[in-house]
């Protein structure tokens, strides 16, 4: 299986927070870094996500903004 | 300085590839992982980006797609 | 500090509306125009945003859709 | 006609720059501010865009990133 | 009226689900396929959307991710 | 395999157009409708895409803009 996106990061689900419609999934990626993904609750349920699950975090390169501080 | 986004990753520029209008910037992030960002050439020039520069890669959580393989 | 995006608009926060997980921030930009930004409540809290604050609204050019009426 | 997006800005086309596949359209918005939109060349041709045209720039609120400097 | 996006799909609203701030609109497209759109509740109200309404679903090509299974 | 997105459309590749850095992939979806996806050339090569291939087109619901004409 292959994804047409430049960023594909292995991640572990470490938390799931639900709102009324949307959901925030907290992820641990290599080097103990943290990422977050927001999707609909319906999508979280379709994926059957729970803490500890291994997932892939996909981000199209166009959605990465670079900042120089 | 603070960003209204859930994903803020320290990165080092390891390569810059130009097209006619757009540019792909290759990044090294912790744990020797690789990320890529696509923006206009004009933005790369405004940032004055070159190999070896330290930047921050910002991604809104809504733009992170999770996949379970 | 520099941003790798073609649209960088000075704005003043004129209202913040919270949902269960997400937040809508109302902005005033030059010429008395109005913009809105949606992000997680967690991001609003990290920014410490409140009415009257000056911020910068960043939009990558790829996210601007043109319509001819 | 109505758009399901929180940001709808009247704009005038002030320049069009073509790459191999993509196109950058420069826009003037109220208060002499500048915006830019990137789309495929094919979309620019479908719109029949040329300098001086009046358009509407649509941005979903989720695509607006706030930064506090 | 013309849109600067490569994907313009005729759709019928078949359901609207509200959260605290955001709204999910369920759509039927040709061949009995289903699509979904998420926007602010405020946008749904501006559009005056209700079940049975005909709308156009616009997606910029850059936001379409291809996957090979 | 499962995707955390509300829109997952079966599609057939009917054309690939390359720019300097980016690529536009033309797709046929059910009911003889047409979609397009833009990604980096590098992503097209990773997928090994060619005309006739079956793929899945994934779109997060937040990236679907509704318009009422």
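Quick notes
Read from first to last, the chains carry the letters A, B, C, D, E and F; within each, the first residue is number 1.
What we mean here is this: a contact is a pair of C-beta atoms (placed from the backbone, for glycine too) under 8 Å apart; a residue touches a chain by one contact, two chains touch by 3 or more.
Model, not experiment: these values are computed from the prediction.
Set against one another, C-D and A-C show the most C-beta pairs in contact at C-D. Taking the mean of the C-alpha atoms as each chain's centre, chain A and chain E sit 23 Å apart. Mean C-alpha positions place chain E and chain F at a centre distance of 17 Å.
The mean-CA centres of chain B and chain E are about 29 angstrom from one another, to the nearest whole unit. Counting partner chains per residue, chain F shows two or more touched chains at residues 1-6, 19-22, 24, 36-40, 42, 47-49, 58, 60-63, 65-69. Interface note: chains touch in the pairs A-B, A-C, A-E, A-F, B-C, B-D, B-F, C-D, C-E, D-E, D-F, E-F.
On chain B, the positions that touch chain F within their shared complex are 17-24, 36, 38, 62-63, 65-69. Considering their complex, residues 1-6, 37, 39-40, 42-44, 46-49, 60-61 of chain D touch chain E. Chain E meets chain F in the complex at residues 1, 3, 5-7, 9, 11, 24-25, 27, 29-31, 33, 35-39, 47-49, 53-69.
Of all residues in chain B, those touching chain D in their complex are 1-5, 19-22, 40, 42, 58, 60, 62.
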